[in-house]
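Next up is a structure, given as structure tokens.
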Amino acid sequence: MKDRFKIAVVGGDKRQELLAELLAADGQDSFLIEDTSGLSRIGEADLTVFPLPACREDGTVAEGLSASGLFLHMRHGSVAAGGRIPAELYGMAEMRGVALFDYTKREEFAIANALATAEGAIGLAILETQGTLQSASCLVIGYGRIGKLLARKLALLGARVTVSARRTADLAWIRADGYTAVQTAGITAEITQFDLVFNTVPAPVLGAEALRKLQPTALVVDLASKPGGVDFAAARELGRRVEWALSLPAKTAPRAAAGYVRDSLYQIMEECT
Amino acid sequence: MKDRFKIAVVGGDKRQELLAELLAADGQDSFLIEDTSGLSRIGEADLTVFPLPACREDGTVAEGLSASGLFLHMRHGSVAAGGRIPAELYGMAEMRGVALFDYTKREEFAIANALATAEGAIGLAILETQGTLQSASCLVIGYGRIGKLLARKLALLGARVTVSARRTADLAWIRADGYTAVQTAGITAEITQFDLVFNTVPAPVLGAEALRKLQPTALVVDLASKPGGVDFAAARELGRRVEWALSLPAKTAPRAAAGYVRDSLYQIMEECT
Amino acid sequence: MKDRFKIAVVGGDKRQELLAELLAADGQDSFLIEDTSGLSRIGEADLTVFPLPACREDGTVAEGLSASGLFLHMRHGSVAAGGRIPAELYGMAEMRGVALFDYTKREEFAIANALATAEGAIGLAILETQGTLQSASCLVIGYGRIGKLLARKLALLGARVTVSARRTADLAWIRADGYTAVQTAGITAEITQFDLVFNTVPAPVLGAEALRKLQPTALVVDLASKPGGVDFAAARELGRRVEWALSLPAKTAPRAAAGYVRDSLYQIMEECT
Amino acid sequence: MKDRFKIAVVGGDKRQELLAELLAADGQDSFLIEDTSGLSRIGEADLTVFPLPACREDGTVAEGLSASGLFLHMRHGSVAAGGRIPAELYGMAEMRGVALFDYTKREEFAIANALATAEGAIGLAILETQGTLQSASCLVIGYGRIGKLLARKLALLGARVTVSARRTADLAWIRADGYTAVQTAGITAEITQFDLVFNTVPAPVLGAEALRKLQPTALVVDLASKPGGVDFAAARELGRRVEWALSLPAKTAPRAAAGYVRDSLYQIMEECT
């Protein structure tokens, strides 16, 4: 990295800690702000970094730190960035004269994150099933970023891979990439044959009927954000095994995840200055 | 395939012959029309299939068969299809009341064709270089359909793969897919290190300067359609080895290529009827 | 499976339970013997299966069941099998007229087990390191069964793989298989560059000096049986992260592990009868 | 390379030419001897290199150069090496006080050569069949060096791979490596399903009955040396397509093949001096 900045990293989870560490290793003047005691230093920062997600439902970012309080201390003309930023923060930023960016909306971040997510899902699948991944029968629902990277890794490890999608072009890609293609709408009819089902679609794709037809030993890994794609209540009732694997990168590869944030921050600063 | 049609396959190249064969094997009533002696049967056809490209510069489709002559014999209300159809044919089709489709414009065809192209390029690279592909240093220019499939196959065979692209998102994908990413604009500076260069971009990306810097034993495979991406005159003068590998699927996998046409024809008929 | 047998599966760990289950699913007349209450049924068995390892240091196989006691109840002319059988059991078997086999000594078992071990090691490496496996720099020590399967999976997942071995032919294979080859004796000089080190050699290959040179964030996974290959005391003192991953298949893929035992039992019975 | 030698490279095929070139590029004092005019220089050489095979049935090595004539000119105490050396040459070498080595008998050479052979077979399969390798059904007969490397490359390119072997351990490896395993003795019963058959076993494994059952469009690639494994007469009569792909490395990767010879020569010289 070329330019040197003062960077305030707010919040104390593992990813933010590692982010501060990586920035420092690059020669940046970075410091962690974990509670109100650090607030006074925010005014010095060229860049303030919120965590991912940027704040909780109650508007706090970390121990006793509200988003609005943070903005009050930021320097006019400075830059702020975070992940999954709620709408109201943009208003606060504008009032304060701070340029605010959501790095999770940047494609290069989303792609790198999808890679770590796919890898984490592989790790889970290996450790949480009683069989081997090699020769297991796997269904990947959805052929977006995560679906593409996950299907590939599964196939390379010797699993038999079926991928579902809705668009004709995606189905053609699935075939060209060497997997069996099925329509997402037709999943229920096929589901009996799978040992592992990975969902990447944030929409209700695995309902009670599909879950009932699933083999009892099968594992469902739901990688879709927010509402997920699995009827969890039905799964519980039927005794089906479902892992809701949210924020995998932060759990299974926090240093890599912090690295993706850092790379996006550098790009944001380059575009801003 | 469900419905049965009368299908006239026009032109005598290998792909058209194999197409007629595949259609017949599916239970279709297909027949080849290679010269004027077959013209009389065109009126029976529900579907008339032109070759790829659909016609030559002089307007002929095959031995003594002009596109306009063919349309004159087609039944009003029937369907015609072909590859890379020139604009004037659509006018003829409309006048005759024939629905005309270009299957090369369909994404599922383009993807399947890209697969066979990538595979053919691998075959060429193995047979036409003096080293092994394994541990060879390869550059793939462009990360579209062919670039994606080709880079993957090269890497799986043990080559060291660099891919160039222009868009930030493509560069992020290149990295997530496990290759080295470079800006297409910066190729010339890097080109000395490669044993094999595959171009997939139909724009002048490999000019005289880049070719001069290339190792004399390196091979350039140009997979880009029409104008290609290599300055062929400069390459000849510099004694650089360039293969302009046009229509690879028809050459290295004609039966597969015919199969992709057949699949697209079925989709067209399904959408028409 | 063709022939039907009465099979006593002794011991209550997960693998034995799943083995009894798999045998029953094949139509075999199998029953679990977990304590002395089951002893009376051993006389019926055509085949008695000990666990892996076959017995503990004190000679017991499970709760209150001694190996000698088990043999006393077996039928003359019946067959017994188990994993890592200590020498004294062969004497007991002979006296009793029972044919005793160690399935862990069968090559087909060892190979299948190595596969599940390699996969489990991949799972650990993904979940227990802070970076991604993709682009991580990995060293595999030893190119036997596990080394071969592990190196391959690592490379397919995008890691940069170096393998060490002693024999010239192994080094040639390592190169032909597409990895970087180093002499096992020369590991210490190279070790600084690795994020992950997997040992498969049951001999002291990673001593204090090598551990000292290791990056502090690196993870060592020791897959070698019995004494292992890592100086654990030195590792603890230096604060290096070492996972001694014994019996991975039973932990990360118990159903697959039970399946390998079942397959070997069938082969043993086929050879005996 | 460290030590510098005078090296006479005898015979004028592509591999020998490239070998002389590679040696010169390493700083060796190498020269080609293509006919009797070069004979006088042989006395200077520390090492004389015969081609592969070392000599023809009539005892000549190249244009007018007999093996015995060459030995007469070699210096007492010098070294000679070649590929597939017939027994009588060892006698000549001993009489002349020359240490003679067959590099094709060295395992590191055989492995590297197998790699280039496997890759060449892939190239042939792509270019000489009418379908794509991806999703083709392939049989590899034999799981030695070439079989292992070839099966892997085929699977990575998306083919469905079955491998046949005789030994139980090989069959276990075939399964652990992710392929379908069949007994070589049972090939004939299975052969109908394959689009491509690769033989690596130098014994009559594909007789008239198997060839008759083969699909007419299937391609057989025989990679086995000397007698090969296919009943060629029957194949011709039945109209089956068989490629006898001898010395693939020299044809499809001559520079790599020359490199493997060079590497073996260096090892031989190191062991000799």
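Think of it as A, B, C and D in the order they're written, each chain with its own count starting at 1.
Quick note on the criterion: a residue touches a chain if its C-beta (ideal position, glycine included) is under 8 Å from a C-beta of that chain, and two chains touch if they have at least 3 such contacts.
From a predicted model like this one, the values you see are computed outputs, not experimental measurements.
Set side by side, the interfaces A-D and A-C show unequal numbers of C-beta pairs in contact, with more at A-C.
For subunit B, the chain with the farthest CA centroid is C. Centre-to-centre separation of subunit A and subunit C, using mean CA positions: 35 Å. With centres defined as mean CA coordinates, subunit D is found 50 Å away from subunit A. Residues of subunit B in contact with at least two other chains: 115, 134.
Those residues of subunit A whose C-beta lies close enough to touch subunit C in the complex are 18, 115-116, 119-120, 122-127, 129-134, 153, 156-157, 217, 252-256, 259. The touching residues of subunit D, counted against subunit C in their complex, run 107-108, 111-112, 114-115, 149, 168-169, 171-173, 175-177. Residues of subunit B touching subunit C in their complex: 134-135, 158, 178.
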